[in-house]
Structure formats: C-alpha cells, structure tokens
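Two complexes follow with chain A in common, the first pairing it with chain B and the second with chain C.
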Partner chain A sequence: MSTLSLDRYLARESAIHAADARLKFIATAGFILALSLLPVGAFAALALAWAAVVIASAAARVGWLRTTTGAFFALPFLLAAAPLVFTRQADPLGEVDLRLFTLTVSGEGLKMFATIALKSWVSVQAALLLSFTTPFHELVDALRRLRLPSLMVAIISFMYRYIAVLAEESSRMMRARAARSASRDGHTGGSVIWRAKVVGSMVGSLFLRAYERSERVYAAMQSRGFSGEIRHMGGRKLRSGEWLALGTVAAGLSGFSVAARLWFPTA
Partner chain B sequence: MSIPPLFLLHAPDGFLSTPIAAVMWLVTVLALAVAVRRADANLDEKAVPLMGVMAAFVFAAQMFNFQVAGGTSGHLMGGVLVAVLLGPWAGTLVMACVIAVQALVFQDGGLVVMGANIFNMGVVGTFGGYLLYRVLATVLGGEKRARLPAAAIAAWLSVVIAAVLVSFQLALSDTTSLRVALPAMVGVHALIGIGEAVITVAALSFIAATRGDLLHIARPALAGQGSQQ
Partner chain C sequence: MNGSSPDTAPGLDASLASRWIEVEHLHFLYPDGMEALKGIDLTIGRGEKVALIGPNGAGKSTLMLHLNGIHTPSHGHVRIGGTLVGRPTVRRIRAEVGLVFQDPDDQLFSPTVFEDVAFGPLHMGVPGEEIHRRVETALAAVGMSGFERRLPHHLSIGQRKRVALATVLSMEPSVLVLDEPSAGLDPRGRRELIGLLRSLPQTLLVSTHDMRLVADVFPRVIVMDDGRVVADGPTADVMANAALLEAHGLESP
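== the complex of A and B ==
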C-alpha cells in the first residue's frame, strides 16, 4: 500500500512555519535566483548559502540532515553536465585512457561541473525547506495572491484534492498487474513494446475512471450551488512588518550577489 | 514516495544560466497567458473540475512504470495524450500545472528553471505536439482514420523535440557541450519516445474501444458546448 500525499509539510512550531507563505515563496525563489547568478567557482559563496539553509532548517526544527540528504535524489541530472569535465580544454589535469580514445580531464571543466552540482544541491535544499514548512494549500493560496491566473489556481487546487485518490487508484492497478504477472527472478514477460502497451491500456482505463470521477465531482459541486466561479476567502494584505522582512531578504540577497561577484574568493 | 525524474527533461535549478532561464520564463508566461485567455473564453463550468482531475490523472499516469532494461524503467510524459483528449489550450494548462506541482512539492525540476521546463514539456511538448498531431492526421487522411498513427508520431516527436530543446538550453548555458549532449540526449529520448508513442496509442485505442464518445465529448465540454451525456 502506498498513499501519496501532496503534503510534505512537517508540523512544527517555529517562526518559519508561522510566516506568511507569500514571504516564504518569494524568499525561496529569490534565494535560488541568487544562487543561479553566482559565477563559476564561487565556492565560498555557495558554502555561505548552504550554511544559511542549514541554519534556517534548524530554526524551523525540521533538522538540517533532512534537507541535506533529501536533496541528493535530484543529482541524476548531473549526467547531463558530466561532458564538461572532458570537453573543456583549459587547465588539463590528467588523462583517462579508454583504449579507443583518451579523455583529458580539464580543471576548468571540473570547476564548472562542481559549481553546477553545488548550486543545484543547495537550491533543492531551499525548495525542500519551503515544502517542509508550508502546507500545500497555503502555498497555492500564496500563488493566487501573487496573481497566478485563477484558472491555474483552480486546476492546481483540484489536482491537490484528487491526486491522492488517483495515485491510489494507479497503485491498485499496478498491484493488480503484478498479481497477474508471475515471473522468475530477473525475468520479465513479453517484449518491451508489449509491456508499454499494457501500461497504455492502464493509462486509458485510469483516464476513464478520472473522467467519470470529474463528472461526479461536478455533480456534487453543482448540487452545492457551484455556479462556475470558485470563491476564495478574502485573505489579508501583507503587514508592514512583513514588507520589512521582504525588504530585508531582498537587500540581503542583492548584497550577497554583489559580494559574491566582487569580494568573495573564487576558486 | 517520490516520482522518478521524468527522463532528463525536468531540469533542476543550477543547470541553466540565469539569462536563459529568464528568457524561457518570459516565453512561457506569454504562452500560458494566451492559453488561459483562450481556455477561459470557451470554458463551460464543468471544465474546471475536469481539468483539475485531469492534472491529477497525468500525475498518476506518470506513476505507471514498465521495465525497459538493466533496472531502468520508462513512463509516460503525456503531453500529446492530454492535448488530444482535452484540446491544446486546456492540455497545455494542465501540463503546466503538473510540472509546477512536481517542482513545488517533489523538487522534480527547479523553480528558476521552471519556465524552461514548462516550455519544453508543456508548451512545445503539448501544444506543439498537438499541432503536429493535427497536421499529421490531416496529411494521413483525416482525424478519424489516422488518429492513432498521427498520435504515435506526434508523441514520439514531442519527447525527442523536448530533448533537443533541453540540450540547446544546457549548451547555451555553458552547462554541457552540445557536441556530446545533443546526440546522447536525442539518442536516449528517441528510445524513450517509442515508449511514449506506444503508451499514447494504446491509451487512445483503449478509450476509443470503451468510451469512444469521450474522444469527441471531452473537447466540446471544454469548448463551451456542454457535454451530450
């Protein structure tokens, strides 16, 4: 059994949890943008940024290890950046003999690769911290208040409500497939194309279930007086203290970006 | 549980340079603004829950995996499938929302690079895929007769073109060398695209066999004419 929940929220009592989701979203996006702007080899700045995430995770009482280790799974994408290590010419460090041809490891390429890996790793941690400290419905509401078109807000809200139901449905279907597909260890039945066709039929079947569910949902909404418009609670404006916090974050991140270009040592 | 990264198409933060990410955001925001207007203009009220549940459907359908080789597994991207079922505007919005939620909740894809991810899979992979589907269907003898072959080719191309776009974005960001990445990405995704094509066709023919009416009804429901049921 697996139930999938959109909420990765960890209920704790902390100032970060209590903060307005708009602030957290803007701060996280700004932080990741500042990381994105760092030059190649800005390892000191990256270390500082990582320290900031660790401190924030500790302050939010979610445990810095959770964000740090949770961020590793995004790393397969590094394969895409791996060629850099060999295709740059500057600062050759050594050669790898692959019999057919030799690859030259470039110091410059290695430095670029490491920068990308660390940027991505710290960025994922910041995004993780956001989802650990912000319930999803608050995040969606923040996006609505930040002027995401109401149609997209509606789609995301419905998606949030039904994702667990449909994910449960799809895992039931996969369990049924597994129950019908006995096989010896390390062997799989049928050809790859055949297996993909089976998945296709499951997708088709899931579509029908989802479609019919959406009809029931609509009927239920209609019977409760839905007239085509989704109404939201008014929500409050940001308080002056929150504007101040936003300004501080913006100033801090700009200062960080400038300092990283001008004063921080780069490798 | 988390969803395995969708091939190598969900770029994480840090992989695209800021100017490239910004340009892609700009293009994506413009495209989505048009899609929202067009979809909003001819929505009936039933379409809102339909699109929301369909976004959850795409997400759940991407969980169906099948073994390919050596412990790797393939699964659906779903852009062309959704566009054929819901129409291009609604399909694009649904895919954009799926990609946004995957990034916000599962960190599957970054925030600053989200514009590029939505552009590759949601705008080009879905809207562009749908245009290809329509052109191919017309060329091959009408949507009714040529639905499946047109969907197959469009689904395959949508994955391959997305891979080409990712490669160029990475190369322009100085994150990889185009000479190495382009053939590798296109090669891998040409194979993955076969899975996409087979799944899309099997799903469409399953729907045609069981609820053929939906291939026609899902779209009028989103085009303001109401469902005939």
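== the complex of A and C ==
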C-alpha cells in the first residue's frame, strides 16, 4: 500500500453512490460549465450553486464540510487571477504606493477576482463530490463509454494503476537517500547545487525505472494476446429513467445559466 | 491444438504429448550483441512439472520469453504442441503458453482484478458470457474468488502473485511458464504457492532460486548457466551432485 494514490472514494450507501458513473460525470461537467458561464458579480447564483453542492454532499452522506474545506487546496491557483485586482481601471477604491509605481485597486477588478475565486471553489467542491462518490475505475470506465478516445482512456487507466507503484518506488529511493544523509556536528549536508544534482539523478533513475517497467508491462500485455488494439467488454446501456434524469439535469443547468444571464446583465 | 481438453486423436497425442515443449539449437543474441542463449536443446512432456534453475544472467528469463514468441530466436526454433513458434502462429501460441512475470506489478496493469483476469480471454476473442465464467474459474483456482472488484495495489504481494497466475489461467493454456513465483513471498505465502503449484494440471516450467521449492514440487530440474543447459534430470540426482551445483553458483536445499 502506498501513501499516495488517487483513491478518494468514500464507501457509503446513497442514491448518489449508486448512480451510474456516466450520469455523475456528465452532471458534474455540466455543473462546472454552467458555473464558468456565470457573469461577473452573480454572487446570488453562486450561492445557489454552492447550496446545491452542499445538499448533494449531505444526500451522499459524505458531509458538506469535507467538500467545502477539501476545496481549499485549489486556492494557490487563484494567484494567477490576483493581478486582475490591480489591472482594471474602473471604479478605483484606493492606491498602494510601491515607490517605483503605484497600484490602483479597482472595484471592478476586485469583483472579477471574487467571482473567479468563488467559481473555482464551488467547481472544485463539485469535482470532489464526484470523486468521493465514484470509484476511480468506474470513472475511467464511464469516460470510455462516453466515447473519449481510447488511447486517452488507456493513459488515464495506466496512470491510475501505476502512480501508486511509482510513488512507492520514489519513497524507497528517498528513504535510501535519507539513510545515507548523515552529517558531522557543525556541518550541513553539502551545497544547494550538490543537493540539486542528487535530486536530479534520483528523478532520472526514477524515469529509467518507469521506462523499463513500461517495456515489461508491454511484454505482459503481448503475452496475453494484446496486438495493438485495446478491447473492452460491452456494458449496459442507459435506462430510460437515467436518460430522464440526464435530461432534467441538462434542463436545470441551462435554465440556471439563462436565468443568471438575465438577472445579472453584463456591463 | 486445444489447450486443456484432450480432444486430439489418441495415437497422435501419445508421441506429441511426450515432446509438448520442444526447443532445438536455440540461440539468441540481444541487439547489443550479447549472446544470451548459446544453443539450448530440451524437451518437456505434456503435464510434466519442471524447475529451471541457474545463477542470475544464465538466460532463464530469455529462454522463457522465447516460449510464447516475445523473443524470436536468432537460430534454432521452439515448438509447442507440434506448432512452430513464429509470427504466423504467435497468437495461438500465446493462448497455449501462459507466461507469468516475476513482478506482479508488471503483470497486473488494469484498474481492477476482474479487468486484469479478463484481459487475456477478451483479447483472444472469447465471447462475453464465457469470459465471466473463465474469470470466476481462474480466481477460484488460485483461491481469490470474491476479489473481482478489488484494486491490484490494495492487495498483498502474495495475493497479487496469485492474481497474476489467474490472469493467465483464464486463457486456459496447456503450458504455464512462471518466472520466480516464490520471490518476495513470506513463509505462509510460499506454502500456499506450493499447494497451488501442486494442484495445477498444466505443464509447468518454473524458474526459481528457491531450492526447497524445487525439491518440494518438481520431479525434474534443468540447470542453466551462461546461456547453456548444463544439467537436466531427476531433481534428486541433480540435488545430490554437490560439485555440479557449486560449479554453477547454486546450493543444495
């Protein structure tokens, strides 16, 4: 067992857990799309969307706090949106004097930044809910059934299988390095450049090991009749009730998008 | 040629069965010029259980990769059940010879146990219903029934080794070729493996460094060193020849 893996699945008994992974994937992707189309400053609509995620989390018995706080790991990515606060001209709120130049905090920029921050926060919560309620291999299978290119699905599936193996290999290497990283009193363990070289060669050898493993895995696939085309067992078709659910979700999300456009007209 | 069901004519079967695996004058050069196999000759009868021993680098794994056509001989040839291993026959041969690699993480590449055990039959063109039956039978044979939905990286090394064996049993081969099946197993895992190997009806060729495993399971042993077969005979005779074992870096159990 490894410390690092993509398994976030929480086994619970709920209608959301039991639903077909294809439905859950489409609903989540549609929800995120609808969120991203919301106009700037549509905070009431965002609150409504967040409430929907909280209700769904509760229905799935994973606890809304888990999705809400879990989504904070996406915060660092907001740095990319931070310059918006200073690069807009409209509605100046104040100035920051940095001697060389002054930054103007714009109200419009602040509003845009807040909208982006909330959109991504709620989107990540929706994605987390999907991964809490759907085992990863079912998700991979759903992507395949939704006709994602089979090479792409194969890459995702291999990544899922081998990321734990790779993590274990790298943690063994780190342990071996730690075991030999002694130092005498008053001495530290070498210069930064020297350390960087050590890390560099570790990454290189990890890559080589992964490459060699890929050749063995390929031989193992060939040994079992693989000759270039990945085959899959046919799955069941969506039932009419599931099509209905899908239609309801699609209609709901479109309605939400249109209503938000009308309610919060863009400037 | 049909793996495990003996539906061939009995007269033909008798002579064929005595040389089910036939390796003649097999030479193999790696692309870098290293000669890994320097003229291998051996015959193994149907249903025989044979151990393949020798120091690291003796060519054991290279020989095994010839038995299902992953490697192509530089000289000489390999026949399985009378069929020459080569490009035109390779798909049939791979259904006939189940090759299990040493590291189960190489062997198990699918997200779930079911998908992995189903991979072989699926790519052989076995119909859906039949695949489910085969997966069930193969997992039952290795004592892993009920693990279908489990993920390979959540299994212990012993369980992974057994599932790895199931991934080729589902292809219903007549020959099983296993590379170091007891490596990395704890005593209990090893004991279970011995019971499992004894219970398998297939022709077995197993490379190993585990001399007690050899003595426990295999009536016949082939010793390889430096790309050649240096001894081939009843396990008791080979094990009694201390001079031979020492000359090739091995030890008696």
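Criterion: the second predicted complex is superposed on the first by the 227 of 267 C-alpha atoms of A that agree within 3 Å, B and C clash if a C-alpha of one lies under 4 Å from a C-alpha of the other, contacts with A are read in each partner's own complex, and residues count from 1 in each chain.
Following the convention adopted for this analysis, a residue touches a chain if its C-beta (ideal position, glycine included) is under 8 Å from a C-beta of that chain, and two chains touch if they have at least 3 such contacts.
These numbers come from a predicted model, not from an experiment.
Contacts of A:S171 after superposition on the shared chain: chain B is touched, whereas chain C is not.
Legend: residue contacts after superposition of the two complexes on their common chain; A:M202 is shown touching chain B, with no touch to chain C.
In the superposed model, A:H137 makes contact with chain C only, not with chain B. In the superposition on chain A, A:G225 makes contact with chain C only, not with chain B.
Judged by the touch definition given at the top, the superposed model places A:S181 against neither chain B nor chain C.
Greater residue coverage of chain A by touch, when chain B is weighed against chain C, goes to B. Within the superposed three-chain model, A:S254 lies out of touch with both chain B and chain C [touch as defined at top].
Judged by the touch definition given at the top, the superposed model places A:M233 against chain C, while chain B stays out of reach. In the superposition on chain A, no contact is made by A:T102 with either chain B or chain C. Contact with both chain B and chain C is seen for A:V217 once the two complexes are overlaid on the shared chain.
Across the two superposed structures, the residue set of chain A contacted by chain B and also by chain C is 2, 136, 157-158, 160-162, 165, 213, 217, 221, 226-227. By the touch criterion stated above, chain A contacts chain C in their complex at residues 1-2, 5, 7, 136-137, 140, 157-158, 160-162, 164-165, 213, 216-217, 219-227, 231-234.
Taken in their complex, chain C has these residues touching chain A: 65, 68, 70, 91, 94-95, 98-99, 101, 103, 105-112, 115, 118-120, 122-124, 128, 131, 151-154, 167-168, 171.
Note for the complex: chain B touches chain A at residues 1-2, 5, 8, 10-18, 21, 32-33, 36, 39-40, 43-46, 48-57, 59-61, 63-69, 74-76, 78, 81, 85, 93-94, 96-98, 100-101, 103-108, 110-112, 166, 170, 174-177, 179-181, 185, 194-195, 198-207, 210-211, 214, 218, 229.
Considering their complex, residues 2, 4, 6, 8, 28-29, 32-33, 35-37, 70-71, 73-74, 76-77, 79-84, 87, 112, 116-121, 123-124, 127-128, 130-131, 136, 139, 149, 151-152, 154-163, 165-167, 169-171, 173-174, 188, 192-193, 195-208, 210-211, 213-215, 217-218, 221, 226-228, 230 of chain A touch chain B.
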